[in-house]
Amino acid sequence: MNPHVTILLQSLIGGIGMGSIYALVALGYSMVYRSMGLVNFAHGNIFMVGAYIGTVFYVSMHTNFVLAFALALLLTAGLGMIVQKILRPLEKMDLIYMMLGTLGIGIVLQNLSIIIWGPDGIAVPFPINNTPWMVKGISIAPYTLVIVGVAALIVIALQLFLNRTKIGLAMRASAQERDMSLALGMNVGLMNGLTLAIGSALAACAGMLVGPVFYVSPDMSTSVGINGFAAAILGGFGSMPGAIVGGLVFGILEQLVATQVSAWSEVIAFVIFVVVLIFKPSGIVGERVVDKL
Amino acid sequence: GSSSTSSTSGSSVASGSSQDIKIGEIGAMSGNLASLGTWDSQGLQMAVDEVNAKGGIHGRKVVIEKLDDQGNPSVAVNDANKLVNDKVVAAFATPESTTTLAILNILKQAKIPHITSGQDPEITKKGSLFVFRDTANSLIFDKTLADYVVGKMGMKKIAVISNSGAYGKGEHDAFVSALKAHGISPVSDQVVTPDAKDFSAQLTTIKEAHPQVLFIGTEEIEMGLIAKQARALGITARIVGGQPAATPIYVNTAGKAVAEGTIFATTYISNDANAETKAFAAAYKKKFGQVADSHVAKAYDGAKMLLEAIDKAYPNIDGTHIRDELLKLNYHGLTGDFKFNDQGEGMFTAQIGTYKNGQPEPLQ
Amino acid sequence: MLAIQDLQVYYGKVHAVKGVSLTVQEGEVVSLLGSNGAGKSSILKTICGLTKAVGGSISFRGKPITNTKPYRLVKEGIGYVPEGRKIYPLLTVKENLLTGAYHRNDRAGISADLEQVYEYFPILQTKRDVLAGNLSGGQQQMLAVGRALLTRPNFLILDEPSMGLAPSVVAQIFAIIKTLRDQGMTILLVEQNAYHALTLANRAYVLETGKIALEGNAEDLKKNHQVREIYLGM
Amino acid sequence: MELLQIKQVSREFGGLKAIQDVSFPVRQGSIHGVIGPNGSGKTTLFNVISGYYKPTQGEVWFENKPIHALSPFQVNRAGLARTFQNLRLFKKMTVLENVCAVLDRESGIRIWDYVVAPKRVFRIEKETIRKAEALLEVFDLLEWRDFLAENLPYGVQKRLEIARALATHPKLLLLDEPAAGLNHTETDELARIIRYIRDERGITVLVIEHDMKLMMTICETITVMNEGMVLTEGTPNQVSKNKQVITAYLGGEW
Amino acid sequence: MTSQDMTNRDLAGQELQPEQAPSTPLEGFAPVSEGSASRSAAKRTWRNSRWWISMAVALFLILPIALNNYQVHILDLVVLYMILAIGLDLTMGYCGQMNLAHAAFYAVGAYTSAILTTRFHFTFWEALPISIVFSTACGILIGLPSLKVRSHYLAIATLGLAIAINDMLVNLNGLTGGPTGITGIPKPHVFGVALDSEYLYYYLVLTFTVLLFLLAKIITTHSIGRSFRAVREDHIASQALGINIAKQQILAFALSGMYAGVAGVLYAHMLSYVSPDTFQMNEMFFMLTIVVIGGMGNIYGSIAGAVILIVAREWLNQFQNWQQVVYGALIVALVVFLPGGLVSIKTLFQHRKRSQLYRVK
């Protein structure tokens, strides 16, 4: 095959791999935003903590992967509940306060992790045989499919949950008119706790899944946290399909640019990202927005 | 009172009596570069505790004033000013090139000799008489590596991948210039960002160039990830790298199978190299519960040298005297033999090693 | 059914409600009049638990509900149409209506009530999949009323339900309230359209700067010359 | 003379025709009313006139110049001011500041004046405050001068919004449901304000309102809209007797 | 129309409750002072604030006498960060624009001056205006997305562009020295005196801080500041009232670029060293913290925030590994318990006093 085509296809596949990770992270951001109006800047750090918790069970305590996975989701969901309790007074305030509050929580989580688990990180073996398939000189890692599959499943589940269940409806409602929701009998506090629990579990899920691809360490959160956020925005903040689309587009964009000008990939990816935003101010799929005055 | 003797990791507070000899330490203990600072800190702690256990320097205890720079040059400068103010006699600052460059002038003006383990060759060329490097610089590592790979093994088609961080760029420049000395230029030269996790775009480009050797110029974890993904993409080239490739973290990240056969240039091949390293590794394990590696060994060496120089300078423990003693030192350490020139470079050789059956061992 | 004793409400330092006492009997329509800023909405919000009562007490069917968590009150049977509509702009019209039925589990009853609301306000049916934020002002007001109906309360609190509605719809809203009253629902009504309100109500209170200035039979108040001049414009 | 001409304006929202082929003129110096059932497109029409929505078809002319392509602030500068159906005050600013923020535009102060001519800045600031106070005085808002807008009673907020719109020195004022939420006395007062604006200040007023009594007393012409189209137009008397208007809008009672 | 014409609504209260004294529309809420009285009160507060500002400046002028070299260095940073925080507050607090690129403007100022003075042998005073032009231009450029996107969309857009700028500093090796940055940036000379001690340099920074503070003070209390706040409060209404919000937003970003640029130049020559590591996201969030913890939309807040947070950061050093944890927790606690920022302590205090102005029955 023409080497250019090979390079293109291979980086496309790499982009889908990274993109699905961004998508998973983006889902968490969007879910929390849509159901409690919170832009959670600690999401990246919760992602890291989730990955650590799971990894500690899986690698250090030799539990099986699925059990470790479940435990990570559960414990991280608990962490989400605690975070919500702490930040409760900020619920009604401007974006910027929530942003700073969650940033503060992120700093605490980040550095507590360094203290608890050390700065070095843990390498995680793949839970399945990840020997890549070679198709015409292009290698496809089976584990990528797992991630893509899980992301797809989650998006469907979340979509159903938010759009078809009463709790989901109430969550979305509470994010918009808090007082009215209370008057209609919704326990908004509890709902927000649940939201952050689910959001955190999503982060843990992403963290746990990417552990083998990355390497679990305290600094795994930074770039994924930002790029995941960018992905969520790119797709349309708060939209579940948007998170997937945004994640994939951002991942592929990054890789494609990297084949051309490798050191400049981030610069160009972000510039393109901003240009897209200027033309589609509420993302590709689009956040649900009202433009009536 | 000082608690440095009993402390295990990082809780020694410099507030001892005027009898104590105070040395400073600056490094990232938090943030993304926390591991660098922690390694440095623990190596230093080992050496200081040993000296104190033997009664200190001429009966005076050594205490460490430990400051976190978060990997931020700005904060490092604050820390350096604080150390100057607190009248430390010498310092361990810092494990990283950019922060070292940031504080170079302050410590120079205050005449405080300090040990760095940043590998940027530029550090010692900025005219400070007070900076000392406790390891070789990138040029030495990469020249040794290139000499082996090209000169000894006769490889010609070499691909380079490095990151755009300070360390990665140093490695890249040093290795490429070493290749040039052999009349070779890389068949492919790729740069990634320090926090990238997927390298398929760059590695596929490399693969299409069909190299015999793949040089990876990044820190441990990224190196491991790149190696792992290179193999997954079907790149069979021999993987080579600098100091980071000699650490257990690299092996863990890449996996034993991938790491097998990696050739590296380092000052510290393994804990099992000789009786001294074995003893050190055992003591380290006992103290910190972790496996020692080249980072802590070099910090330990640096600390030993600093303490020895202070000891020799005694009772004139001021910056100039300590510096003069450091310059006179002939030190045989875990990572090799040191003899500082007046720029502060003390280590001019590196060793070549590889992994055989998962174990690091020397080549040559 | 509802009894308020000496209610005190503050917003920071602003004393909005200054010792108001009022009662609503079972099956009665009580209207609350008063100029802007008199504290009408504050009283209603306090009943619903959305604003804190600093002093005084509120009891509903003999049960004290002062400062109860608002989300518990729906189950007691209190429905609320807030001032300023407070619809959910990013939910569709139908979703908005369904939020009203959040505390209910009777599927059949809910869909019947939904049909009923659609019958009252056909426009809501045609727009059921439109984001509520894109509705016109009056349509949003209909939605707010419809949503409260879906809570199927036995005590309905209405804060200016006719605001921004076309005259024919205003008439219709009052017709609906009348129907509800005839069905035995108890209603507390705040309305600027005093004529309509007094026609509908059994009793009424007139509020001035946080205090009750007048109270009495709706018919009597209608004849009171101050009320006529200020609220009815006659 | 016709100050504003709406020429076959249509506006769609994803297939929904909110207004269709609407045309009518607004005479200089008149108080012109727009009524119509909920959702008949009155607010949309205002949004088109004031530049927030671009018409999908048709044109809007103001003083014989097209304005439908201008952005909202340019429309305002051309001489049109508006209020909103849901109040839009600068909530965290005082009453005085709400008005000053609008008056600032005409002060001609540029950022560099702060450095090169601070004296001028201070002088003009004083002038601005004086003008603002004069305006507040007229609207009987002076006693609220230093209150944050969000803390004002609703009626006062409404008055402030009108005062603020007037601070832009418009030739045409668009009012969207100014009487909503006001009681009878307050509505009377509003009627006086609207008349004052037209009579004393010579500003043409285009007003949307559901309070028919108010409309009957203040308007010279009323345009009735229904389902996005103009149903009829005429004097209040003509309109209120129109059969179609009664069935579509007023209901049996009128 | 006179005011009598329009206060009819008061009659309601009087006629229904004849026993009551004539009341203002809302008794609980009526200001005692008349318009003219409150105007003179405003004048008084301005004189007051002039007095306080002079005192504060005097304090900052004599402060170094009592401090050692290290403390002066920290003080240097404190006044430097005041410039940064005020600049950020102008866009974020006053104009309401999510600006996460302030650190990038800071970097552009610092690097421009560093490059001009080390590679092209400009003097500090020649490099300064050019650097400011560059950073301001950068502010305008990065502010452009604000014309289309808002809120968190704008936050990530500016953050992304800031990351891009930082990457460029790393990648443009030849010019910027790449990841290890530029060393040996010369100290400025003033009247032939080299400002090569922390003490002397401090007065240079302080001069700029005072000037830029005064500029910010006039901006925020006069027309431009009001337009900024109008845009922040309601951009839709602002447009309807003839305010060109695009112009205001870009102006706010330009000011952010200018302030950060000045700070960047001062920073580069203070440390004689710049590297991309300094201007990363952490730095951005640190500035953001200063502004919010100090009190958004209040330049005194930026001043207070800079003092408190920089001193706190130094003080926290004693907690070693825990310092960042404590720092994070501190931020959370402050945001949660003092959302108005440090300046709101004062208003909490004042609220008591002011409440006497309102007759509460």
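Order of writing sets the labels: A, B, C, D and E. Residues in every chain begin at 1.
Operating definition for what follows: a contact is a pair of C-beta atoms (placed from the backbone, for glycine too) under 8 Å apart; a residue touches a chain by one contact, two chains touch by 3 or more.
Which chain is which protein? Per UniProt: A, E = Branched-chain amino acid ABC transporter permease; C, D = ABC transporter ATP-binding protein.
Computed from a prediction, not measured in an experiment: that's the story for all the values here.
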Common touching chains of chain E and chain C: A, D
Chain whose Cα centroid lies at the greatest distance from that of chain D: B
Winner on C-beta contact pairs when A-C is weighed against B-E: B-E
Chain centre separation in whole Å, for chain C relative to chain B (CA means): 73
Computed distance of Cα centres, chain E from chain D, in Å: 36
Euclidean distance of C-alpha centroids - chain A vs chain D, Å: 46
Averaged-CA centre spacing for the pair chain D and chain C, given as whole angstrom: 30
Per-residue multi-chain contacts in chain D, two or more chains: 43, 52, 84-85, 151, 153, 155-156, 185-186, 188
Multi-partner residues of chain A (each touching 2 or more other chains): 110-111, 114, 222, 263, 266, 293
Per-residue multi-chain contacts in chain E, two or more chains: 9, 11-12, 25-26, 29, 167, 170-171, 236, 321, 324
Interface residues, chain B side, partner chain A - complex: 30-32, 34-35, 37-38, 164, 190-193, 195-202, 204-205, 208, 221, 224-225, 232-234, 249, 252-253, 255, 290
Residues of chain E that touch chain D when the two form their complex: 1, 3, 5-9, 11-12, 24-26, 29-31, 34-35, 38, 215, 218-219, 222-224, 226-227, 229-230, 233-234, 236-245, 251
Touching residues on chain A, where the partner in the complex is chain B: 3, 6-7, 10-11, 13-15, 17-18, 21, 110-111, 114, 118-123, 125, 130, 132, 134, 137, 139, 141, 210, 213-215, 217-219, 222-224, 251, 255-256, 258-259, 262-263, 265-266
Sites on chain E touched by chain B in the complex: 68-71, 73-74, 77, 167, 170-171, 173, 178-181, 183-184, 198, 267, 271-273, 275, 277-278, 280, 282-283, 313-314, 317-318, 320-321, 323-324
Complex interface listing, chain B residues touching chain E: 9-11, 13, 29-31, 66-68, 70-75, 77-79, 81-82, 84-86, 97-99, 101-102, 104-105, 120, 122, 126, 164-166, 168-170, 193
